[in-house]
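So that we are looking at the same thing, I have put the structure below in structure tokens.
Chains here go by letter, A, B and C, matching the order in which they are written, and residues are numbered from 1 within each.
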Amino acid sequence: MCGIVGLHLKNPALHGQLGSLLAPMLDCMTSRGPDSAGLALYHDEGARTVMDVYKDVGLPKEICARYDIASRTGFQGIGHTRMATESAVTTEHSHPFTPTEQLALVHNGSFSNHATIRRRLVREGHVFDTDNDSEVAARYIADQMTKGADLDDAMRMVLKEFDGFFTLLVTTSSQFAVLRDSFACKPAVVAETADYVAFGSEYHALASLPGLAEATVFEPSPEVVYTWSR
Amino acid sequence: MTEMLPRPTARAEPAADEIPADGRRRSHTFPPESIAQIQRMAEEGHYEIRGWGAKRALPSFDDLTFLTASISRYPLEGYREKCETRTVLGSRFASKPIELDIPITIAGMSFGSLSAAAKTALGTAATAVGTSTTTGDGGMSTEERAASQLLVYQCLPSRYGFNLADLRKADAIEIVVGQGAKPGGGGMLLGQKVSDRVAGMRTLPPGVDQRSASRHPDWVGPDDLRIKIEELREATSWEKPVYVKLGATRVTNDVKLAVAAGADVVVVDGMQGGTGATQDVFLENAGIPTLPAVRQAAAALREIEMEDQVQLVVSGGIRSGSDVAKALALGADAVSLGVAPLVALGCNSRTYQRDGISHDATEDYRALGTEPGHCHKMHTGQCPVGIATQDPELEARLDAAAGARRVINYLKSVTMELTTLARACGKSDVHNLEPEDLVALTVEAAAMAGVPLAGTNWIPGEQR
Amino acid sequence: MVQVTEADTVLNCAELSTREVNAALAELPDGTHARITEPWGRHNLAVGLSNSCTIEIAGNAGYFIGGLGAGPAITVHGFVGWSVGENLMSGSITVHGNASECAGASAHGGRLVIHGDASARAGISLKGGTVLVGGDVGHMSGFMAQAGVLLVGGDAGDALGDSLYETVIYVAGRIASLGADARIEELTADDVLTVKRLVDKAGFDHIDPENVKRVASAKQLYNFDALKDQKY
């Protein structure tokens, strides 16, 4: 149970501010998840896209300062503050979960059939780092994509396979995707402008963004996969 | 003496002479109760609804015994030296914690499920012995507020009758996430009990079968619960303790999350906990028994080093002073009783008193298809002794003052049993009972309670 | 967007804790006005108040705004989070912006007006309050609503009015789908009058009271369907 935020910058002019825009968004989510926090940030190095992951135990503000998040640049990033539910408070239990070098997932909610899906993935040879339910979703999506699905399809498969409550934010080297379960009981707000797509568990995580007054703001509908591509 | 032994030809049931022994062989898988249940389902097309709690045999406090004093430990004088029972709940954030004279409270039972006379009797008795009662899923009745000096106001998923004025009149607030009888399920009150007054208090048409929500309408999950708790505190100036009540399932995680969300008191209700009405399948097949629930909840609080700041209240099938003493020894700060005080009031009694005359209620129990001592028909509203009913005729069978006297006697007796055991363990305060004062009589109880099997140092599942 | 109004009391969230803000609001004499500035998504502002004051929140606020209220008239110039006006008893809350999920949850009385959109489960468990939404509402709105009125000026999401009791829902726009036991009923002259009165109170000018749909309970879930044998 947690707070999640994300920012997908459409306008390259904003790439220099990725970290400075995202860090305060994460800080706003402190009360939703005081145990640990983490971020995945994407930037280009020549023709290559690089995903950097930072996660640690403690308050979001301290973690952002520790890793100098505000100075990071790039085209998108997601972040998570965690109130631990079913597994321990450690760095590796912190989100985002990054099963591949390009894929990152943050989750707010609680899956109710993850143990079965985990067993199936383990039988197929997948290796898990934690007992966290969110890691199962991350590895499941990565597995679907390895088998040829695009992110849209993989997210739709999550709807089919996973039971329980979830708001998911998933990023790859080119995409930014949001999905909520059929009940949509865990909060989610999206704001979109010509310059960016922003996601927050609560509206106030978005309130500091430039040009928000002109943004299209909506709460994602249940069982709809929203994706944005570069 | 040999003539006293039964003769080899004697039969226990001579009437069955003509049926060979093999023809009466009982099936363990399909005993007569299972057969009756299947046949009932086939006739009626829905699950069984009933009151009371789990009826199956479960590992319980009965499977533990105290290592009272001898040479290595010295007892207090059982009839003379004081043994403190005072209990404070809600000292973490609330500016006005609840101060109880005994660590035994009355659990939430709704007006609607219970008659007004029953609520009044419980409140009067609790006040007399210096403890609290709890409202239940139907709002605060004027009778209960008047009778009960310390009243815990429940905030349930249904929010029936929940309002700011009553919130302010309450002495503590209990956010009900779940209950032991039906963890994960919502409340139920069948139409027979939804009288005009009950319906009015719940803003519903009289006579509907009230099937309440399982999730709260305005928050889901611990991150949002944290904000909800702050709201209730803000609305009451941070004066009143906030309890969070959980049905015992994933106790370790749930207790830690309730604490993270800001609870002053965590109430853990085990599988034996009672209810006015729910599905039988829920009562018998969901949650964990109270015995392991206490141990897990206490361990969770210790793990996060909050056992001195957050109080643990335990409920679910607690009947006697020995149950209370064992719950306290395993780490509870107080216990909560529901079914037991109803029994003290007269639930399942063969007789009831009206105008000073004793009447036999056996025929009324039979009309419900049961007998005194076995009745779990609270859901019908036809309580033969006037407790779980809204029928004025039946309600008149319970005299609130007489009922209160019986509950006072019962609670006093339980307290005496509790202090008897505590003194014998050398404790001048019942809260000084500890797990090391207990051993288990069965391997199951040893594993669940985390205490050694009697006569050994062995705690199943623990590293030695 | 923020309207500047003469305020008797100004409470700045950047300088005050939620406790300090709410304690100051609770002390306001009837008839006075307070303005809360820089809320920045702060939760639980103006909750549990019973004085008859007017309160203005200048900006976006968080969860449970005006919750449990029994008196004040609260106006928010911005967005609000989950469960605005939850368990409202009386008084009013007006939001010039969008509201997140569960707006007006379990409100027993009073009036909640949302000029923007409300999200999922608007008017859930409603118990007599009036919830007026100028824009759209999300899925499961009016879920298990027991009494009172929900008016939707825009479109309604899926499963509108699921397990409805006695609440009546009026929808000016489209209804994605009805929930279990909810049905569309014929609009009566009384309904038109009611909607006209509500629209006027809310200050909505885009709703034609004669062109709304009335959604109410079919009452098929009031009792177990096996009730006929009276055996439980």
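Before moving on, here are some points about what is shown:
What we mean here is this: a contact is a pair of C-beta atoms (placed from the backbone, for glycine too) under 8 Å apart; a residue touches a chain by one contact, two chains touch by 3 or more.
What you see is a predicted model; the values in this text were computed from it and never measured.
Shared contact partners of chain B and chain C, listed by label, are A.
Once CA atoms are averaged chain by chain and compared with the all-protein CA average, the nearest chain turns out to be B. Two chain pairs, A-B and A-C, are compared here, and A-C has more C-beta pairs in contact (counted per touch definition above). Seen from the Cα centre of chain B, the chain whose own Cα centre is farthest off is A. Centre-to-centre spacing of chain B and chain C amounts to 37 Å, using the average Cα coordinate of each chain. Centre-to-centre spacing of chain A and chain B amounts to 43 Å, using the average Cα coordinate of each chain.
Chain centres here are Cα means. That of chain A falls 31 Å from that of chain C. Looking at chain A, one finds that residues 31, 187 touch two or more other chains.
Each of residues 224, 227 in chain B touches at least two other chains.
Annotation for chain C: residues 43, 62-63, 82 touch two or more other chains. Partner chain B is touched in their complex by these residues of chain C: 18-19, 22-23, 26, 43-44, 47-48, 50, 62-64, 67-70, 82-83, 86-87, 89, 102, 105-106, 108, 121, 124-125, 127-128, 143-144, 146-147, 165-166, 222-224, 226-227, 229, 231-232. Across the complex, chain C is touched by residues 28, 31, 183-184, 187, 189, 202-205, 207, 213, 217-219, 221-222 of chain A. Touching chain A in their complex are the following residues of chain B: 215, 220-224, 226-227, 250, 253, 256-257, 260.
On the chain A side of its complex with chain B, the touching residues are 1-3, 31-35, 83-86, 108-110, 165, 185-187, 201. Within the complex formed with chain C, the residues of chain B that make contact are 44-46, 48-50, 158-159, 162-165, 167, 190-191, 202-205, 207-209, 213, 217-219, 224, 227-228, 230-231, 234-238, 277, 379-380.
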